[in-house]
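By written order: A, B, C and D. Residues from 1 in each chain.
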Amino acid sequence: MSALRATARRSSPLGTTTLAGLKPAFFITLVSIVAVVIAAIMSEPFRSPTNVESLLFQMAPLLLVAAGQAVVITTAGIDLSVGSMMSLATVLAAASSSSAALVIAIVLAVGLAGGLGNGLGVVSGVNPLVMTLGTMAIFRGVALLVLGQPGGIVPPDLLTPLTTVFGNVPLTFLLAVGAVVLLWLATAETRWGRALFAVGGDEGHARRARLPVKRTLLIAYSVSGMFAALAGLALVARIYSGDPNVGDPFALDSITAALIGGIAVTGGRGSVLAVIPAVLLLALTDNLLNLAGVFSYWQYIAKGVILILTLWAYHAAGRPSGLLAMARGGWRKPGGSSGAAGSSGSAAKGAAS
Amino acid sequence: MLDANGGPSAGPPSAAVLVCDALDKRYGATHAVRDVSLTLAAGRTLALMGENGAGKSTLMAMIAGEVKPGSGSATVDGFVAVVHQELSLFADLTVGENICIGREPRLLGRGPVNNRALRTQARAALDRLGVAIDVDTPVSKLSPAEQQLVEIARAVALDPALLILDEPTSSLEPSQVDLLHAATERLKAAGTSVIFVSHRLEEVFRFADEIAVMRSGALVGAGPASDFTRESLVASMVGRELEQLYPDRSAARPDAAPILTFDAVGGHGVHDVSLTVKPGQIVGIAGLEGHGQHVVAELAAGVRRVRSGSIAIDETRAKLRSPREAIAAGIAFVPPDRRSSGLMLPLSIAENLTVAAAHRLHPSRLLSRAVEQRAIAPVAERLRLRYASMEQRVGELSGGNQQKVLFGRWLLVPNLRLLVLDDPTRGVDVGARAEIYSVLRELADRGVGVLLVSTDMLELIGLADEIHVMYEGAVRGTVPGHSATEEEIMTLASGVTA
Amino acid sequence: MERRASPLRARLLRSRELLVSYGLALALLIAFAIATPGGYEPDRILTILGQNAQLGIAAIGQTVVLLSGGLDLSIGPVMNMASVVSSAGMRGQDGNIAQGVALAIACGAGVGLVNGLLVSRAKIPPLLATLAVGTIVQGGYYVYTEGQPKGGVAPGLQSAADARVFDTIVPWWLVLWIAVWVVVAFLLYRTTWGRRFYAAGASPRAAWLSGVAVSRYVVGAYVLSGICAAIAGVALTAYTGSPSVSGADSYTLQTVAAAVIGGVAFSGGIGRLAGAFAGVSVLVFLSTILDTLNVDSAAQYIVQGAVLIGMMVVNRRLAGRGSGSAGR
Amino acid sequence: ALTVAGCGSSSSSSSGSATTRADPGGKFTIGYDVYWLGNSWSTQLAEEFRAAAERNRDSIEKVVYTQSDNQVQKQISNVQSMISRRVDAIIMTPISPSASVPVIQQANRAGIPVILVAGQADTRDTAAEVRADDIVFGRTGAEWLVRELGGRGKIYVLNGLPGFSTDTLRWKGAKDVFDRYPDIEVVADAHAAWDTARAKTAVSNMLAAHPEVDGVWSQGGAMTLGAIQAFRAAGKPLVPMTGENNNGLMKVWDSLNRAGDRRFDSIGVVNPTWVGSEALTQTLNLLRGDEVRKVNLVNPAPITSDNLADYVRTDLPDSFWVDTRLDDAQIRALFDR
């Protein structure tokens, strides 16, 4: 048996797949750190306290919503409704003049309920993209019913903690990073998390292995809804009010961030933690192009190119299969370097379909 | 119609682990399982036999509770674990994570996964089976045989009352089959019952205490294994006497110029492979899993590109850069994993059969259903394909019939010159195998060359004119097909120097 | 041999989703006829369909891409681009119509080509590749126009958007939609290319091993989608009478919804082109009913979302599982 | 209200970085956030500003442009980046009146005055505001329509997008008028996103459902054009419709007038693009220490059939907005670049 590997690996408290999932994020982490350092040296406005604070405030909502999105994408699904859920959260925060605790409870409950709704649809067989397209409209409608136009008053006892800044580091940013780390641990190191990767890898196999497929999916979408609601609160820290349209761009931005972080659109692969460097990279791109005075239509072009280049880099870095949305069934252009083991691997994955 | 009730299981009814009562299942026009009643006592092994599409997997799925019976019921006293015909591991998780999936040991009661304990548990499960696979390896890096073993280890680790093994040995080597056999014996001793589905007759007699035979969804025979002989078993499966599995060899044509020549070909883990395939010749490639025989097939079919040495077609050097170029040169390929690389599962039988020949069948590029019907009807007939309609999704066919469709695809290509087959009869029943073999022989007699890669040594011995045995990426030796023995091939394949 | 199901029945069984989606479209049409004044008049129904030809045409492209196993999120931007480019080419002159339309179609095909190459050669997931290309295209026409589209729509084209075929009640734009549909359906279902295309979509690996030049078909799907989007963009511009850099933004997701309501799955190779027609009808009649009943905008969003989901649930129930859900 | 001159100078003296600001004859760095370039009005607004900046070259060191693409988040970041770059003044069009408040206050804390153009914010902390009053905009059209219909009739209403303040305010202005006339009946209304295509489809549906109609109140000229097209496509005679100062409407209206269509009439309620230029003037005054009025509402006289001929530009595309401060060369540049 030539293929036997009896290498004794040091016994890490974290799972092997958990650790391996972090590897692909190394590249963008490096790029974003280098970019931060270079930008800080080159650009005086960049390292100004205002800008640092602005950058971190800006990252908080995207971090949260992208982490939730990453969980859903790991199930091979997608959540287009997160943007309107964020808007809904902002208007709820601004329209209900109650105590901070109550507002947070309401917002989280609505996020949970909305996400659960998505999950129920998906579990009953509705395509996730269509399901969340539907709830996207519903949440938007509800947001407009709650608050017909931007405004409202955010309870001061909520606004105060939301806008607290330590030095130049906003509390919302710290909380967002904390929440992402917690979510990462939950996805990577709990039974639910393992089931999540299994369901995303192959739902049919998961069902045969008698994993609680439905529960896993329900939790995944609920988490996404809740994180979108939290992201809405983080957005309130920026706009100090409610706005029934403010979350719209986040649907696509969160997907972009998750995929740049290396979450495979085909599901079952990736690491929620990787959304942190991905969001940093996206925020930096915006920020630097902005400071460089590049007009936004060029920013579109630059962003598109960066998106393509990042994914290309993943591909070149030798994890092609993780990014092959197109090539379901383990289709890999033969002639690659992997040899016999590689083709059997793809066979195993493909045998599922 | 026979009824297995009370027949084979001698013990008192209270000892029955499994009781099936008039199980019945239809899929549209297909009556997959008809009124099957069956009991199985604790600690017994039942071999379930039957042609492809006889309904074995469907019956197992109903017993395991994965498919709802149309009518009737299955009662199991305890937990059922299933090793499915198609692997159902998670390619991106590690061996250990796969074995413990859904039952991960946890810290602090219901807290996070305890990965150290998980590794230990997984290692223990593999040890129980007697295999040494690193629990931290991602499953995608394993060979099909290793994956199969992991799947078995996962099922065994569940300590089931009933273990269902649906064709568990189709990708295993003899030594691994021995491991499995030992494991099932241990389980039996501990009171676990086993249902074993296989198309390999030798194994059936080795593993089983009892045998049940299905045909067209119905149970047509059941009894202690000792009541059956090879011949009687085949006859009750196929419903007729099968005179001969392997067709007669025809006269070789040693003087013909080779269609395909490998000259010291290397790349992708193989090196210095030299061989020729002449018109009408069936050339076999033997070897244990992972020794490069699949790569040889893929090189010949243009799936992979040659890195060193050269390939010649009709004695002129050729560069096969894609299957497409190979097909243009008359070389066809039947891949081993029919569900992922062979068939388009959501498409119809007709669409699957005609994909390669579409342009030839319809030179004007306009589809004509009449032309298509005329072309595919004889092929379906020739292969004895069991189907409800040509418009049926191919994914609904049983495994063996899927394999026939895959094979039939190339019978529609008129300029076929060389057929490259990689494990073409994996999971195919004897009857269908006999049909495929006779078609192969017929093609060879028409002057088509065949390059046959197989893990089934008997198949190679029964069909091939010469057999190249591979070991660690190179041809270790070549034996003439008509006089080869299993021992001879095994010796070469294990790298034992003569 | 066993008894055989009739080919027609088998084919219908395979297209259960299609039947269900037409059932839904019919149900909405009936609701439309009952709930809105004049809703039963063929004239009105045809007018509404004609007014939504651009969505129908764009949805054809999206359907083809979905069948290839991909997704095209650049449809909205390409439609806007076509709007900008065609009016720059026409410069408001009837004599320049052909030139403007050809220019738009060429640009659409070019964008489709880039999408296709990124997906099939660079192996970038379609969702991201087309999103990125869409973003770049958007940047491109903003750079070109600086927000202010040049030229104008030729009056001839503009009047064609509202005109009827000779003296019938059939709008020209509906004819255009059906014509595009017929051409694409012919390619898909009556030629060997269509055969091989479906194979490539259903299982790229299996198709490649059977000698199908998979990447060519994948590229072809995106090019076709780009062309459809360009035609749709021109149709929209003609309908509005003026070019716009943002008028088609909502079309991207609408085409996806239409295709999926029509029974096309995301996994490739599953579904029929005819489904897109039903999908578009469902979307269009629903919004017309809501508009006509004067339902408040906020409530409209809710009703539309709920109906979309409700229909998909019904579709699942009636057509059974097997395609289009999260797992394959 | 407080005049901002004092505020500006006091902050400049307190902030060491704003070196140029105290010097009345010096040059200033001005931040301008282009809120959107998604339609011709927003484009021309930015162009008017640019042209004005060009005219005031002597007083301007540099203009820092950013672009927000109609996204609240982006606008906040953009303005914050201007703060990091320590511009002397920020001119912006708030995408959301409420969400822009914190960033305006942040700018003030950094000693940078914020001047709003063509929009408003829910705060008193701006240095100056230049805009058309949206309530007046809605009211002007409504009053004209009521007059035109003699105080009775069935009308269609075309609104913009729900959740945007422009939409809410314009409709509020109009509704106040309609409420005073019980015989004016709104038989159908729709949100058509200020978009011609959406308006055309919406009005087609309205015509089918409520064929009897005497007038159309529309929030914007692009939608009025859509309404006209829908009437024509349905073969219905046109009715009076309110409009805006967009050249497309002017051209149609003009040609209808020439053709002698008596039933149709319109009013071009002017939402001037030259507020962009006006905002710069105010900003420079402010920076120089001159007295500046805080709220500058500009609602120029509407265009009517009587003065239509003075405005319509048949030589320019539909997307041009009449009543401009751009000179002919600049207009040409806008359309021929």
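Methods note: a contact is a pair of C-beta atoms (placed from the backbone, for glycine too) under 8 Å apart; a residue touches a chain by one contact, two chains touch by 3 or more.
Heads up on the chains, UniProt names are A, C = Autoinducer 2 import system permease protein LsrD; B = ABC transporter related protein.
Only a predicted model underlies this, so the values are computations on that prediction, with no experimental measurement involved.
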item: Label of the chain whose CA centroid is most distant from the centroid of subunit C; value: B
item: Centre-to-centre distance between subunit B and subunit A (centres being mean Cα positions), rounded to whole Å; value: 41
item: Computed distance of Cα centres, subunit C from subunit A, in Å; value: 29
item: Euclidean distance of C-alpha centroids - subunit B vs subunit D, Å; value: 72
item: Intercentroid distance (Cα basis), subunit C paired with subunit B, Å; value: 42
item: Subunit C: positions in contact with at least two other chains; value: 142, 146, 203, 205-206, 208, 267, 297-298
item: Residue list for subunit B, restricted to those that touch at least two other chains; value: 303, 340-341, 345
item: Two or more partner chains touched - positions in subunit A; value: 144, 148, 202, 204, 206-207, 296-297, 299, 329-330, 350, 352-353
item: Each pair of chains that touches, named by its two labels; value: A-B, A-C, A-D, B-C, C-D
item: Subunit B to subunit C touching residues, read off their complex; value: 28-29, 301, 303, 322-324, 326-328, 333, 335, 340-348, 351-352, 354-356, 358-359, 361-362, 365-367, 381, 386-393, 409
item: Of all residues in subunit D, those that touch subunit A in their complex; value: 34, 37, 64-69, 71-74, 76-78, 80-81, 83-86, 96-99, 101-102, 106, 110, 122, 161-165, 167-168
item: Residues on subunit B engaged by subunit A in the complex (per definition of touch); value: 66, 82, 84, 86-94, 96-97, 101-102, 104, 106, 111-113, 115-116, 118-119, 132-134, 136-144, 146-147, 154, 268-269, 290-292, 294-295, 298, 303-305, 336-337, 339-341, 345, 472
item: Partner subunit C, residues of subunit D touching it in the complex; value: 37-40, 42-44, 46-47, 162, 188-191, 195-197, 200-202, 204-206, 208-210, 222, 225-226, 229, 232-233, 248, 317-319, 334-337
item: Residue ranges of subunit A touching subunit D (in the complex, touch as defined); value: 45-46, 48, 50-51, 53-54, 58, 61, 94, 143-144, 148-152, 163, 235, 238-246, 248-249, 286-287, 290-291, 293, 295-297, 299
